[in-house]
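Just so it is clear, A, B, C and D label the chains in written order, and each chain counts residues from 1 on its own.
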Amino acid sequence: MKTLPDENGHFGIFGGRYAAETLMTALLELEEAYGKAQNDKSFAREFDWYRREYAGRPTPLYFARRMTKALAGAKIYLKREDLNHTGSHKINNTLGQALLARRMGKKKVIAETGAGQHGVATATVAALFGMECKIFMGEEDIRRQAPNVFRMKILGAEVVPVKSGTATLKDAMNEAMRYWVGSVRDTFYIIGTTAGPHPYPMMVRNFQSVIGKEIKKQLNKMEGRNPDVLLACVGGGSNAMGTFYAFRNEREVAMFGVEAAGRGLNTTEHSASINGGTVGILHGNKTYLLQDKHGQVRDAYSIAAGLDYPGVGPEHAYFAATKRATYVAVTDAEAVEAFSFLSRREGIIPALESAHAIAYAMKIAPQMKKNKILVICLSGRGDKDAQTIIETNAL
Amino acid sequence: MKTLPDENGHFGIFGGRYAAETLMTALLELEEAYGKAQNDKSFAREFDWYRREYAGRPTPLYFARRMTKALAGAKIYLKREDLNHTGSHKINNTLGQALLARRMGKKKVIAETGAGQHGVATATVAALFGMECKIFMGEEDIRRQAPNVFRMKILGAEVVPVKSGTATLKDAMNEAMRYWVGSVRDTFYIIGTTAGPHPYPMMVRNFQSVIGKEIKKQLNKMEGRNPDVLLACVGGGSNAMGTFYAFRNEREVAMFGVEAAGRGLNTTEHSASINGGTVGILHGNKTYLLQDKHGQVRDAYSIAAGLDYPGVGPEHAYFAATKRATYVAVTDAEAVEAFSFLSRREGIIPALESAHAIAYAMKIAPQMKKNKILVICLSGRGDKDAQTIIETNAL
Amino acid sequence: MGRIGERFESLGAKNEKTLIVYLTAGDPSLTVTKELIFGLEKAGVDILEIGVPFSDPTADGPVIQAASQRALKTGTTLQGVLDLVADIRQSSQIPILLFGYFNPIFTYGVGKFAKAAQKAGVDGVLVVDLPQEEAQELRIHTDAVGLDFISLVAPTTGKIRLKNIVRNATGFLYYISITGATGTAAPKIDDIARDVSKIRKLTKMPIVVGFGISNAAQAKEIAALADGIVIGSAIVKLIDENRNSSELINIISDYTREIKEALALQRYIVK
Amino acid sequence: MGRIGERFESLGAKNEKTLIVYLTAGDPSLTVTKELIFGLEKAGVDILEIGVPFSDPTADGPVIQAASQRALKTGTTLQGVLDLVADIRQSSQIPILLFGYFNPIFTYGVGKFAKAAQKAGVDGVLVVDLPQEEAQELRIHTDAVGLDFISLVAPTTGKIRLKNIVRNATGFLYYISITGATGTAAPKIDDIARDVSKIRKLTKMPIVVGFGISNAAQAKEIAALADGIVIGSAIVKLIDENRNSSELINIISDYTREIKEALALQRYIVK
């Protein structure tokens, strides 16, 4: 597979840099600064140091004995991104971007957040590096994810409530972009997933690719080989791309991205942009989108606030279009069941986002032979989802 | 220093086995089983595997650059127990005890909990090993620590509300012991700290001693030497003893245990059993206790639910009496300030318990020379404390 | 031999079973406790077990827990209980056993306690959380002044352990008839029969059975297997239920008399 | 040369500044938009910038965001806007520019759109999120049918980049007078003066200034530095405030006329 994206940030027909002129110079500067950092060993050293000493990497690749036994099929490993500082894979990326911001001399950072995980991870690195921090968050999400809002405030970040649209992630990202348009000279925008205009999808992917690299090394040590199947949930796609990327050229490794089917793919209440969307342009890139026939973006829905986004990273769109990975979807109900299953079988409470990947594993693992290896990216922990689960009356 | 406790569980005049006859056989069996496990390499291997692959050990020993700079004195390292699975050091111990329970063929476990961290850590290992689990928790703590109650339920544990006394940790422990008296034949009692009758204080200490062992190894790698000062908060004393133990014979290492002074040592609202208590017997061991002159145990108080206990592990009593360690106390207000300080300086939200250790570091670090090394045990993360902090209006 | 041993001896000579009654000192008040004690004595109780309230009674079920709390709220202290005993001794020679937890005694001072207890007229002590491993701390003092140190035997007590307990026992052996806190379950006759006969093989010392006995029928059945029984939670509950009744003393006395009579009848039954 | 170029030329000949007015199509309804457009034309507006509403207008401030939302709620589509233009063309030759985001155009089909726009009588397009790096995708079609493709220049646009933009520009150059979303700040005269003169050194093409101009005084001052100005949020806000007034058209016309007159006066002022 050739190295993508191309110099303009295109992955085949996807990706690109569909941004307002005001932002273009910042995007070009970012691209340049990132390029330099990539070639600078001291950046890699710094990044490594914080990942190891601060975030707690490498995260374990845990053989889930009781889950494997219960499903009676493939051998199941969980990549424990839930053990990262702040509780999800998001810190891998925010550390990278904040280090870059520091190199670029920016003292202010902004970010959008849905579930609040990226907001917390951003507020965290802002505190760590002494930067001013504003987090844009939909009012509806502020209500749903109160504990994370509180964590951001404790960390010294300002949480800016976004009232426009449906007051969820998409609107928060719109508002962050608007704010950035007005503050681009001294402010670094830390985007939380493999979306946004180039170079974000590439950069976030690279920052997250540590997940797959570790899996490769760990599994080869334990099993002497690559996994047969990789599984990860897909919101914007950063944990999934982080999981997949190291294996992209190893054709024998099958990859499944799990989208949120919400109340069902046959309803309008889901977030499955690949399974239920069409090609379009949003937030700076061309990708699969949930939209009406006039190109107006639809509201996404998922019980998992972190998956509640109507787009998907352009590289996933490319992987889907070229069939390098398969994209499937599971419903709210299936995710809630998987949430409970993993909690009770392994003592690990997954984020509702990650529970989507678990739910799909519950479908396919039993159909796989016992000598097959299935690796699931457990992107985050589920403490934040208590309120949501209470509301489902699942207990 | 000679190896303690003696065969009856005494640390000097402290410790022992002041338990009802009904429990004695179980305590003796436990002692025997634990002794066997200690001599069994396969137990160590198993324990190691779960600590590494499941709990995420070793935890980093993180050089806190901005905290060091802000306090302008000793070089400060944080032992990141907050990065453990479930968010505190408690899992080190529950994994050990659950593995022992499994060896002993017990399929049911019980535990007491205050903050809920030990309850969650117990419910977690019960799920991991497929055991039935009951957690005793005071009704007042159930109210204060709702998110943890919810986590326990998700993990499949039964949370038993305790209404007696002040409905906090002491009462939960009373009730757990009563329940154990009635179920001792098939039930393993997982005590959460270095308290209870022998062999618990010794066993929990050993299970937690991994903290100090790692510190020693990590710091020697980074700095080529031992720390000058160790600092940890003291509730029952398990994270502190876990931190101290590996250094007990190295006289050059000063140790500070930080108790909760609550609303002040000059009030009755604190939990500083060493600084403000007298010798007595509670929950199976002799130690320092908060009690009136008639030997009735007083209610403890601290803003940190996990420190809200009127006793302290007997080995700490011994360390205090023999001056091997120094015990100090910080108030609620100081802890809340430290909570905020660490969150904003390092992007690490500490548990309110751990914030007590941070608060004391804020007092002594500035008085230490720059070439001195101070290691603080960051026993847990503070997500659970959001509600409490909101109520203090500290934000 | 003290009052306790003498009482067992005299009852044993008549082939009569010993009735021990527990009540928490200071519930509802020390004054009422005193009246209750005189009432119990008249109703035929053989040995009194006076509970010294403790803040954290980990071996007690809800009934005695609540009684302890009430007693503490009205200011009952170990000294108060000792004074009560001394007061009773002005007019009564009923054997008296103090029942409680170690901390109040430890705080009072073990040596001072032993002397004060003996002086007040206490005959024996039963400390729930002082198993033989820790007992010496108190026994060197109680033995010195001739107080009985009553040992508990539990259904979970193993063989070797039992031998040791029996060897060091004084006064009588107290067999706990349930695996559980006080008053939290009904005893099982078959288990008691088996365990008591095991103990019996090791010693001639009196064996009493307690924890969970609540009525005359149970009392009779269990007493048949041993030398005596203890009624605890059942009495404490009855006291609480009738705390405000002018008939309190009569109610407790009647209840106790019924049980005592049931036991007395046993001597006519061939074992 | 199309209507846009002609308009600049004729105004330039008179040394008069160009007034461009933006309004969101479909706010409050396409029917009213049509009436507003005729009113604006009569009031002396030189070029119309018709906003095509989009669900996620990331370069717009609150005023235009809200207008877009209202327009979408009443069912406004790109096709509807094209039909509106065609309708206007029945009776008016005022230059018309469509202003919007790429996704509705992309979804309509870029080739199909260019043809339909040209046929309806659109003169140019300004797509906020199509910088030169992505512009070819649409330009190959709009260039083919002779639609102007208006390029934006921002205060943040660098030197080399500016050269490229200028080289590829058609119609006029649109200088964004603030670093911010539409209508979110007041422009700073000195910065505009400096930047416009930089652009002027590179090209003879008309330069207009927009984003944040809200009254006649500002308009006059800024227009003095360039070839024209754009009024956007200020008009949209006025429309919204008077949506239910029978005087809506008059109010908007009056407001516009005032600005146009302020600009017209400028030709008598020595630059």
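Here is the rule we go by: a contact is a pair of C-beta atoms (placed from the backbone, for glycine too) under 8 Å apart; a residue touches a chain by one contact, two chains touch by 3 or more.
Quick caveat: nothing in here was measured; it's all calculated off a predicted structure.
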| Counting only C-alpha atoms to place each centre, which chain is farthest from chain B? | D
| Per the centroid of Cα atoms for each chain, what is the distance between chain A and chain D, given in Å? | 38
| Between chain C and chain A, distance of the C-alpha-averaged centres to the nearest whole Å | 67
| task | Enumerate the residues of chain A that touch no fewer than two other chains. | result | none
| Residues of chain C engaged with two or more neighbouring chains | none
| query | Taking chains as nodes and touches as edges, what kind of graph is this: line, ring, star, complete or other? | reply | line
| said: Under the stated touch criterion, can you name all the chain pairs that qualify? | reply: A-B, A-D, B-C
| chain C-facing residues of chain B, complex | 8, 16-26, 28, 164-165, 170, 174, 177-178, 181-185, 278-284, 286, 289, 291, 293-297
| said: Help me check something: in the complex, which residues belonging to chain D touch chain A? | reply: 54-62, 65, 69, 72, 77-79, 101-108, 128-131, 133-134, 151-158, 161, 165, 176, 178-181, 184-185
| query | In their shared complex, at which residues does chain A touch chain B? | reply | 52-54, 56, 59-63, 66, 80, 82-85, 87, 123-128, 130, 147, 150-151, 153-156, 339-340, 343-349, 382-383, 386, 389-390, 395
